[in-house]
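The following pair of complexes shares a single chain, chain A, combined with chain B in the former and chain C in the latter.
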Partner chain A sequence: MNKITYFPGCSAHGTSEEFDHTLKLVMKTLDVQMEEIPDWNCCGATSAHVMTENLAIALPMRNLVLAEKLENKTMGIACASCYSRMKVTKKHLDENPNLAKKINSTIIDEGEYHGTIDVKSMLQYCFEEIGLETIKSKVTKSLAGLKVACYYGCLLTRPKDVTHFDSPEYPMSMDLLMEALGAKAVDFDYKTECCGASFSISNTEVVESLSGKILEVAKESGAHVIVVACPLCQSNLDMRQPDIEKHTKTKINIPVMYFTQLMALAFGFPEKELKLPKHIVPVEEALKNIGKIEPEPEKIKKTKKAVEAESEVV
Partner chain B sequence: MARVGVFTCFCGANIADFIDVPQVVEATKKIKGVKVSAEYKYMCSDPGQQMIRDAIIQNRLTSVVVAACSPRMHEKTFRKALSDAGLNPYMLEVANIREHSSWVHQKDKKAATEKASDLIRMAVAKSIANEQLHEISVPVTKRALVIGGGIAGIQAALDIADARIPVTLIERSPSIGGRMAQLDETFPTLDCSQCILTPKMVDVASHPYIELIPYSEVIELDGYVGNYKAKIRKKASYVNFSTCTGCGACTQKCPVKVSNEFNMGIDKRKAIYTPFPQAVPNKPVIDAEHCTMLLKGKCGICAKVCEKGSIDFKMVDEVIEREVGAVVVATGYDLWDPKPYEEYGVGRYKDIITSLEFERMVSASGPTNGLPLRPSDGKVPKNVVFIKCIGSRDEAKGIEYCSKICCMYTAKHAILLHHKVHDSHAYIFYMDIRAAGKGYEEFVKRAQVETAATYLRGRVSKIYKKGDKLIVRGEDAQLGQVVEVVADLVVLATAVIPYKENPPLARLLGISYDKYGYMSEAHPKLRPVETAKAGIFLAGCTQAPKDIPDTVAQASACAAKVCGLFSGDTMKKDPMISTINTENCTGCQNCVTVCPYQAIVTEEIPLGHGSKEMRIVAKINEGVCQGCGSCVAICRSMSINLAGFTDPQIINEIVSI
Partner chain C sequence: MITLGLQEKNTFLEAVNKKSGANVLECYQCGKCVSTCPVSGYMDFPPREVMQMIKLGLKEETYMANSMWFCLTCSACSGRCPREIDIPAVMEGIRHLAIEENYHSQDKKVKEITRFHEIFLDMIKRYGRNYELRMMAEFNIRTRNLFKDMHLAPKALLKGKITLGHESTKSAKAIQKMYKLAEKLEKNK
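For the complex of A and B:
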């Protein structure tokens, strides 16, 4: 049994309950015990770091100090924004030894910061610490037939010098994870573009134009489902979809799911465990593609053979 | 009795503004041994030098101190003034009161003045112990080695050979011609690259003073300026060039196909091949990595069809030696791999190509017979987007510098595209247009006006696929808007980077290279052709990105330098080198280990006068020694003396402070 310190973030207990729930199912299957940080607080999100630098450090720092007390090697974070704030704070603290003392003496004091814990997103944890082979071994219902567009958003792999995970422009970890479940990950050029994030409330038009573009390209790529690892991305792409359709007068109708929902499905949990009614864009229709494998057209087979023949010595 | 003359320079305002020169001159007069102390606005000018010459004669000076700029600047100038006045030129000392005082202590005139006086006092003390020295003559081998057979190497070889100096030109690939042979037409005149290059290639092959060794590389260079010894490895071609007629039957029948590097992998070549039809020499070689006969011992068809029996599968690499007096390095350039541009889909989308791939396609002798085609479906593209500065001026992904040639060749590509596909349209995303050069700005105008290429100032942030088109999303900074261009083909102007084997070659030759891998010139402004190692010169992109006119100019400059070096039968060399006092030398050979120039060897001398027993002592090779002084510092028995920096000179300096 592996143990991990878990930081759910505020959305996991609200808008992204389906993420939190399926994550716990999946981790249990993978024999990972999640220890939620007692009395965790808000990471500060977008608001703190646009207002005061010290508060933007202090809030995640308190969580880091509390997390260290649980003495697990890794702290896993569900939300991409929380992950980013935690990572940035850790980098600042590790690089400036006096910063932690300054914060402790002025704002919050939960004890000393040691910098001993690894901070990872849950996607990164699955990919790096559990590994694709182990995940593959737990699959009881292959997702073959389902085409997915993996959407990482702007924070999971960026900035490169902070996250040190996957490519900042064209990451592949989630794609590989989906392929391990049997699904087909399509080429998706907009996998790291911004969805508009918290402008969802203050400037909805911006989100509609940015998320609209992501949805359009995902649709174009032929995917049945967009897979995400961030609650805000999910809500923007899912919840704003009907409005976007209204504006562009085109039917998009592409469901947006968490990678853990698909993992749970592949691990054999029944559909009702995925909490599908929480979705705005219905998911059920897309999931019917599972098991439907398109036969390879004759023409492609022929060219494939020709290419293979060419690469060999004549 | 010493009679020293001290001449302090104002250097315009460079020195006089920060150092009280009259005060320094007065202080200097009080130094023991100083006979004359004078000042002048520009000591290096003719009146300034005349002042020195007159003073030497009138006051019968025994040594001279010039307090001015760095000796690297004008030491030679003043030495000549001394010798013109009948004094040994090495009786000169330079006190560097500009770089070492006025420039670095601009905020404290008093301290700067005091420091200048100190520097002069030290120089006076040193000059009193100076000894008369005489230039050394070393013999010269009048043959040049040119490394690299691109346009730079070709031009340098031809110019040197035309002065009736023998040249050995070596080229790593089977044919000379280099990158220029891959080009279609050249900016800014659009003359055909092949038409201006191939005659020069033929000239090289037929020139009586040029020895062309293709398919070879330098593996060792020993010796020193005027007397280098180069070891050259001739790679096994498996074809006997002396009997081969170049008929091409072997190439036709060879069943093995491999990616054609000359055409940037767009088509295939055979395992026995000539790189391109106009190759010089026009003889095929066998690619040992792909030939099934060499790999598995099966096939041998080429040998069966060759009427002359020129195929020799048993051929091995051969090492030959050449004695040369000078070396021209012209290794050329590579192109940056745009793989890190993941947001463009490089590597995922076939219809994103590099400029050199585009160049090969529009080339009349290229793999598509001069028509640009989409690699994905072979269709002729209508909308082509060119993106400049891929890797250049990009600290995050590529390199910091500007590759210099991309603005111009992209303008050329826009024009060529229009010539080949009349109803096409070129879109060019750029950061700046750098078109400094004769006829260059006009040429860019031509692309903008005559061919109506759309120039968009801004970076591309994303390329994504829609159907069979590529959507190029970028910024038009002049409109302040995001724009999307629907493209059939995207061409990336990738950065020029140094030839990948430059660093090992530089180490082998004993010359320096910069952080990118370009060979370093001796001085960025005043000695752009020489390296820091005497007798080794640089031509073309081996030193920095350059276009063809600049490359040819630098290659000719190399030739002029080589001819200058070979103008006499012997060469003059600075006498400031080490000598060994064999009486004291214990033969420990520490100096042999520390010498960076391999200038110290050992010899055996009799143990005592008339003795038959021998002992080992160090010996300096005068031609190689550069006078760095490392051996002096390491010598435990104080048996090494460096002329111009003897112990008495140094001790005098220290005592005078």
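For the complex of A and C:
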């Protein structure tokens, strides 16, 4: 059994409870024990680093210090924003021992920072440490028939010198993960565009404009579902969707799910474990596509035949 | 007064470079950041112009513009910058400098954005963690916009999207102490 230190983040017990819940189911299936950091605190999210210098370091740093005490190799983080703050802080501290010493000695009571723990997003952990083959081996109900648009947002892969994970422009890890579950990941040009993030409350019209474009492109790509790995992206794309529809006078109606919900489904957990009633845009209709395999379009069939015939001639 | 040329030392540029760890002088004004930035259309001056303003030492104009407050730190610009300048760090640097030097924009949107961040930080100070419902309520009260997002509330509450209660860390007191110490550290700079 593998063991990781788990940082759920504030939204895990509210807005993104379905993420936290399905993540735990999935990790149990994959034989990973998640040890939650006792008495963790908010990482400060966007607000701390926008407004202050020292708290922006100190808040995540307290969590890193607490995490190191658990002595696991890796700290897995559910929320993309928490992940980013923790990673940025770790980079600052590791590159600048004086800063670590200063904040450690003046602000943090819980102990020394050593820089010994590896910080990963849960998507990254699934992709890099568990591996697609193991994930594939646990699938009992293939998601074949379901077309998904994988949306990574900004912080899972950017900035590159902080995350060291996947491509900052066109990442594929979540796409490959979805394909391992049997789903079809569609080409999706807006997979790393920003959803508006923390402007959700203070600058809603910006969020509606940015998220609106992401939803529109996802819809055009033919996806039944948008898959995300961040609670803030989920709430911007899901909760704001009815308002976006109203303002743009178009019907979008595309559900936004966490990658762990689809993993749980493919691992054979019943639908009620996905906590679908928490979604503002209903999911049930989209999931009916599972098992419905579309016949290959005539045009593609013809092209394939032509290519085969040609290669025979050669 | 705008003074161009080398006769004066550009202390603003130096301060920004020191704060951000970036070298703004490297910018050759290609504008890739502008086309990449998802919010450049909302900014008084898009990132490229902000970089030039810093190079010209236009301190007050830079501080009073909404640009740095609209930056979402999505890092799309820095990923594509051919000079590999950490533009979000520059935006962060000028935000922190403006706060330190007591520049306050009177722009309504900027005020709302900063108010949100203050309330968010206040939630952490009080509970150690964020308390979403209270944060939203306080934002509405303090920006005098009581009915903002109220149409979403019944559905969000009913579906458990937003919870009524809150949880706090056992050591919320430790967090409060951290806040005090951090403030002290910032003042003593």
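Observations, loosely collected:
The rule is simple: the second predicted complex is superposed on the first by the 306 of 314 C-alpha atoms of A that agree within 3 Å, B and C clash if a C-alpha of one lies under 4 Å from a C-alpha of the other, contacts with A are read in each partner's own complex, and residues count from 1 in each chain.
Keep in mind that, in the parts below, a residue touches a chain if its C-beta (ideal position, glycine included) is under 8 Å from a C-beta of that chain, and two chains touch if they have at least 3 such contacts.
In this text, all values refer to a predicted model and were calculated from it rather than measured experimentally.
When the two structures are aligned on the shared chain, A:Val50 is found in touch with chain C, with no touch to chain B. In the superposition on chain A, contact of A:Glu169 is made with both chain B and chain C. Comparing chain B with chain C, the partner in contact with more residues of chain A is C. Judged by the touch definition given at the top, the superposed model places A:Glu193 against both chain B and chain C.
In the superposed model, A:Met1 lies in contact with neither chain B nor chain C.
By the touch criterion defined above, A:Cys42 reaches chain C but does not reach chain B. In the superposition on chain A, A:Val217 contacts chain B only, with no contact to chain C. In the superposition on the C-alpha atoms of chain A, the part of chain A touched by chain B in one complex and by chain C in the other spans residues 169, 192-193. Interface residues of chain A facing chain B in the complex, by the touch rule stated above, are 167, 169-170, 187, 189-190, 192-193, 217, 220-221, 310, 313-314.
Residues 10-11, 13-15, 17, 39-42, 44-55, 58-59, 62, 102, 106-110, 154-155, 158-160, 168-169, 192-194, 196-199, 201-204, 206, 210, 235, 239, 243, 277-280 of chain A are the ones that touch chain C when the two sit in their complex. Of all residues in chain C, those touching chain A in their complex are 38-39, 42, 70, 72-76, 78-79, 86, 88, 92, 95-96, 99, 109, 112-118, 120-121, 123-124, 128-130, 132, 135-136, 139, 148-149, 152, 155-156, 159-163, 167, 169-171, 174-175, 177-179, 181-182, 184-186. Chain B contributes residues 255-257, 292, 341-343, 345, 348, 462-467 to its touches with chain A in the complex.
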